[in-house]
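Shared between the two complexes below is chain A, which has chain B as its partner in the first and chain C in the second.
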Partner chain A sequence: MRKLVIPVLMLCFSINAQTPSAKDIIEKVDKNMSADSRVFTSKMVIHNPRNTRTVESKSWSMGEKKSYTEYLSPPREQGTKMLKLEDQLWIFSPSTDRIIQISGHMLRQSVMGSDLSYEDMMEDPHLLNHYTGKINGEEKIADRNCWIITLTANTPDVAYQTQKVWVDKDRFIPLKKELYAKSGVLLKRMELSDVLQIQGRWFPKKILFKDVLKEGDGTEFQIMEIEFNTKIPEYIFSKASLKK
Partner chain B sequence: MIRFLLKGILRDKQRSLLPVVIVIIGVMLTVFLYCWLRGILNDSIELNARFNAGHVKIMTASYAKNVDQLPNDLAITGVDTLLIKLKREFPEMKWGERIHFGGLIDVPDSRGETRAQGPAAGFGIDLLSGDRSEIERFNLEKSLRRGRLPVHSGEILMSEEFSVKLKVNPGDTVTLIGSTMNGSMALYNYTVSGTIVFGTGPMDQGSVIVDLDDVRNALDMNNAAGEIVGYLADNYYDEEKVAHVVTKFNSLFPASNDEYAPVIVTLRQQNSLGKMIDQIKAVGAFAVFIFVLSMSLVLWNAGLLGGLRRYSEFGIRLAIGEDYSHIYKTMIYESVLIGLIGSLIGTSAGLLGSLYLEHHGLDLSNMMKNATILMPAIFHTRITSTAYFIGFIPGLLSTVIGTMLSGIGIYKRKTAQLFKELET
Partner chain C sequence: MKLLFKLAAKNLIGAGLRTWLNVIVLSFSFLIIIWHKGLLDGWDRQAKNETISWETGGGQYWQENYDPYDPFSLTEAHSGIPPSFNTLVSKGNIAAILITQGTIYPSGRIQSILIKGISSNQKLLKIPSALFIKNSEEVPALIGRNTATDNRIKEGDLITLRWRDVHGTFDAGNIKVIGIFDSDVPTVDMGQIWLPLDRLQKMMDMPGEATILVWNKEEQHSTISQGWKFKTNEVLLKSITDLIKMKSVGGIVLYIILMSLAMLAIFDTQVLSIFRRQKEIGTYIALGMTRGEVVGLFTIEGSLNSVLAGLLAALYGIPLLAMQASHGMSMPGGSKGFGLAVADRIYPAYSLGLIVTTILLILLTTTIVSYLPSRKIAKMKPTEALRGKIQ
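Now for the complex of A and B:
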């Protein structure tokens, strides 16, 4: 009898070890995707119904609250800067030499006509701080085994009430996301790819955003260079830096 | 006999004054009401055509479906080529490119921070090319309240009401916050060159007018336009001529599945204008019919009263041997003369009043302040050929018919009882 009990217990523990809780998975995803600070250059390839445009930018972010982006190209957008502090956003337009503040629902508007909103572009939220997860199944995405996790917001200030996330079982990286409004309407789809190991963490360098309420073939968001947990001078996150 | 009757009418005021005055008033009111209703219809059509609908409008198929949202991402591209073709194929039309846009007008303080902000409805029209067609269509020179029209790139006209609300004066800088054709946020500085009063409620509340190329720069719409409006050469909306233009356009640009293919719509097909035109016409015709009918009854009654008032006179005339039919005939001739005099004076008075309002208009802007549809605030009458007979014919006929009916009574008078009647 004792000979039987030990293997059964071992089997149970091994099953538990293979299927971590949703919270554990999200924590590991956060460790990969979020950081105390990030500096990255990116390229947005926006596939509108009538044309395709490419917008390049450099972004600095610190935690969840502070973010700063400067647009590098095309010439029309070059020099445009955006500063987001908490839930307020300031945009500097070099052609007008004006700083315009936007807030509220305007933050959910499209950035540069892309499928990303200002919040998508400039926020780096720790999922665990805002959502409660539940594993809903498993599925293969791009030949990789994934858990399907449904995240439900537990704070009111999130852009998407519900998220359905396909998390790579080995690398703890989301490979696909569906973002839903409070009403249950699907708002956006994301496909994450080109996953590389950077500074000891897995990170997708390419994300295809598709705003399902918008025409076009979506927006490819490509990370060109990225640095995590680097020191960013505090003055970057001030309105004064917008006009520099 | 006519001279004799005319002398009678002119000399015996008791006999003629009241019927003539009634005919004059009735005919004058009929003519004026008709001209007033035609004027409202004409002003509404003209206003919508000038500011918005054109006599025809060309848009992309998708833009046409969502025209209320001003979807400049669905605007016509390659406008220069299209315009060359339109000018070649339709020499009888005048064409103008336009961009309607929405956005915010942001007014900075001395530090560049937002001091005031308000939602604006913008018109991008040709102001600086030297072609004055659009300036005239928008009646900008006469509408100017302060400052001047734009003469340089980067200048903007604001409605007077909007400028007062934002405390902006000519010479101040304002920033347009809008959306480019690609959906990016557009920020563009303009200098206010002047303020205007359109004279129509919705447009006076928050409109701005900018040169077309300036809007193109601001909204990243190079060689694009939301709409191309077309006007018949004589600037008068003629449904037959417009139908011909539409048929020819559709043969040149056959319907396709391309959502960006150009499509043409007529003034009638836009903003429920066709329904409005038909309704105004129907209501106008009904109102004029009721008015003419009631005036005819009044004039008829006046004819009857005239006949009854002269009961004794006819008795004496019969008693001294005048023939029944002769009296009846002279009564009718008299009524024809009264009808003619009244109708002529009434029609002339109605036309003169209408002519005055056709040129000067009646300013009802105070009553139109909260109007949300594009209606003129200054109403003009419109004199058409119908106005010359719309009051004249009923004025004449009803007087004569009234007299004819009342005159039948003469034949019922018995000569044997005449003296008895006259004694009482």
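Now for the complex of A and C:
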């Protein structure tokens, strides 16, 4: 009998070791996706029903609260800068030489007609701080084995009450995300691809955002260059830097 | 005095075409001033009446954080309806309105919208909220004609609405447009959607809360309530009053131009009369009239131009103004985009006060303008005047 118990226990242990808990998975996803600070250059390709536009920008972000973005192209948007501190956003437009403040509901509006809101573009939240996960199954996304994890908000003050995330089993990177309203209506879908190893972590360089309630083919968000945990001077996150 | 009037009238008529030209020009001034002021008064009256019926009622209590010109204030501008008001709300004597922001997706397009929840049983405002009672199965919505046209929404359409609750969490659902109302007040129509108050309170997780309490005209608003500020109609309708005032000031420039033209003609006629009628002036004085009486005669002659102009203006103006008052004046499309209540047709209001004031104003101005050149008569030597010598 003793001889039988030990192998059974070992088998259970090995199964457990193969399937980490949802919390562990989210923790590893956060380690890959979030950082103390990030500096990246990106290209946003907005596919509207009538046309396609490309906007290039450079962004600096620190934690969940501070973010700064400067548009590099097209010429019409070049020099436009955005600063987000907590839940307030300031936009500087060089054509008007004015800084305007955006907050509250306006932060949820789309950025330049894209499928991203200002919040989506400028925030870098740690999932574990806001959600509790539950593994709901497995599925293959782009030939990679994924866990399907349902994230339910711990606190009432998060944008999306529920999220469904398809996490790559080997690289701990979400390859697909679905964001749901409180009522269960699907609001946005994200498809993450071009996963590369950067500074010792896996990171998707391309994200396709789709506001499912809106017409159009979505918005591609491509990271051209990215650096994690670099030192960003504090003055970047001040209103004075908007007019520089 | 009677003689002076008779003589002045005789002289004036005797002057023929010169008089009639003056009278015609002056009658135009009469008519245009009355018409323009009547139009502004009519617009003012219509705009205020409509705004009171659709939006402001007998004044409003605003939640202390509410600022209609600052959409950022909306996230904080809500609190529980004061218990002392609850009876009046349930009776429908106070219309409670909760305001928040959201997004609609009509036919796959994205559109920001102001969501307003209004008590279904309210009887104060013309918003047809009673329709909510008959449609309780889905989330019923009412929209104004302009919003419906701009977003190509029809009655019976199901639209996806996305909003954020009190905690900032996204929520979405379908709403059914159960009615489209026609209102001349753009501030209850443009970019807005009306839902039953209780449904919106539930959607926003704000039970028993409101942003605005519309007060009944008949109710006293002396009840002081903490966290709420009372706004009288004088304050709420200030934008209309200011606009009309601004338009009136703009109108004064027009009146000055018109009156200047007419007065210039009268002044010119008076100067010419005195110059050409020196023998006549000398004869009047020789016959025993004092200089003052002769000055009076010429002043009356000039002033009578305005009386004749008034009569002429009445002759062709009354039918014209009456027709406009009954048919109204059509306003250009898109006037509502300015955010003020502009009806499709504006009906001018000609009050007795307006007509009397205009008559008195023109009479007084004409008298002054007629008197100024006539003063020269007082300095004339009668003997020289009799000889017709130029003085």
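Note that in this section the second predicted complex is superposed on the first by the 244 of 244 C-alpha atoms of A that agree within 3 Å, B and C clash if a C-alpha of one lies under 4 Å from a C-alpha of the other, contacts with A are read in each partner's own complex, and residues count from 1 in each chain.
In this section, a contact is a pair of C-beta atoms (placed from the backbone, for glycine too) under 8 Å apart; a residue touches a chain by one contact, two chains touch by 3 or more.
If you're wondering where the values come from, they're calculated on a predicted model, not measured in any experiment.
Engineer: In the superposed model built on chain A, check whether chain B and chain C fit or clash.
Structural biologist: Clash.
Engineer: Which holds for A:V185: it touches chain B only (first), chain C only (second), both, or neither?
Structural biologist: Only chain C; A:V185 stays clear of chain B.
Engineer: Look at A:D211 in the shared chain and tell me whether it touches chain B only, chain C only, both, or neither; answer first, second, both or neither.
Structural biologist: second
Engineer: First (chain B), second (chain C), both or neither: which does A:P233 touch?
Structural biologist: A:P233 contacts neither chain B nor chain C.
Engineer: Does the superposition put A:D157 against chain B (first), chain C (second), both, or neither?
Structural biologist: second
Engineer: If we overlay the two complexes on their shared chain A, which of chain B and chain C does A:S110 touch? Say first, second, both or neither.
Structural biologist: both
Engineer: Tell me which partner A:T96 touches in the superposition: chain B (first), chain C (second), both or neither.
Structural biologist: The first partner, chain B, only.
Engineer: Quick one: name whichever of chain B and chain C touches more residues of chain A.
Structural biologist: Between chain B and chain C, the winner on chain A residue contacts is C.
Engineer: Counting contacts the way the document defines them, which residues of chain A are shared by the two interfaces, the one with chain B and the one with chain C?
Structural biologist: Common interface on chain A, chain B vs chain C: 101, 109-110.
Engineer: Could you please specify the touching residues of chain C with respect to chain A in the complex?
Structural biologist: 71-72, 74-75, 100-103, 105, 107-110, 112, 160, 162, 164-165, 167-173
Engineer: Given the complex with chain A, which residues does chain B contribute to the contact?
Structural biologist: For chain B paired with chain A, touching residues are 73, 77, 106, 108, 112-114, 175, 177, 180, 182-185, 187-189, 220, 260.
Engineer: Can you name the residues of chain A that touch chain B in the complex?
Structural biologist: 46, 48, 50-51, 53, 76-77, 91, 93, 95-101, 109-114
Engineer: Sort out for me which residues of chain A touch chain C in the complex.
Structural biologist: 49, 101, 103-106, 108-110, 153, 155-161, 179, 181-183, 185, 187, 211, 213-216
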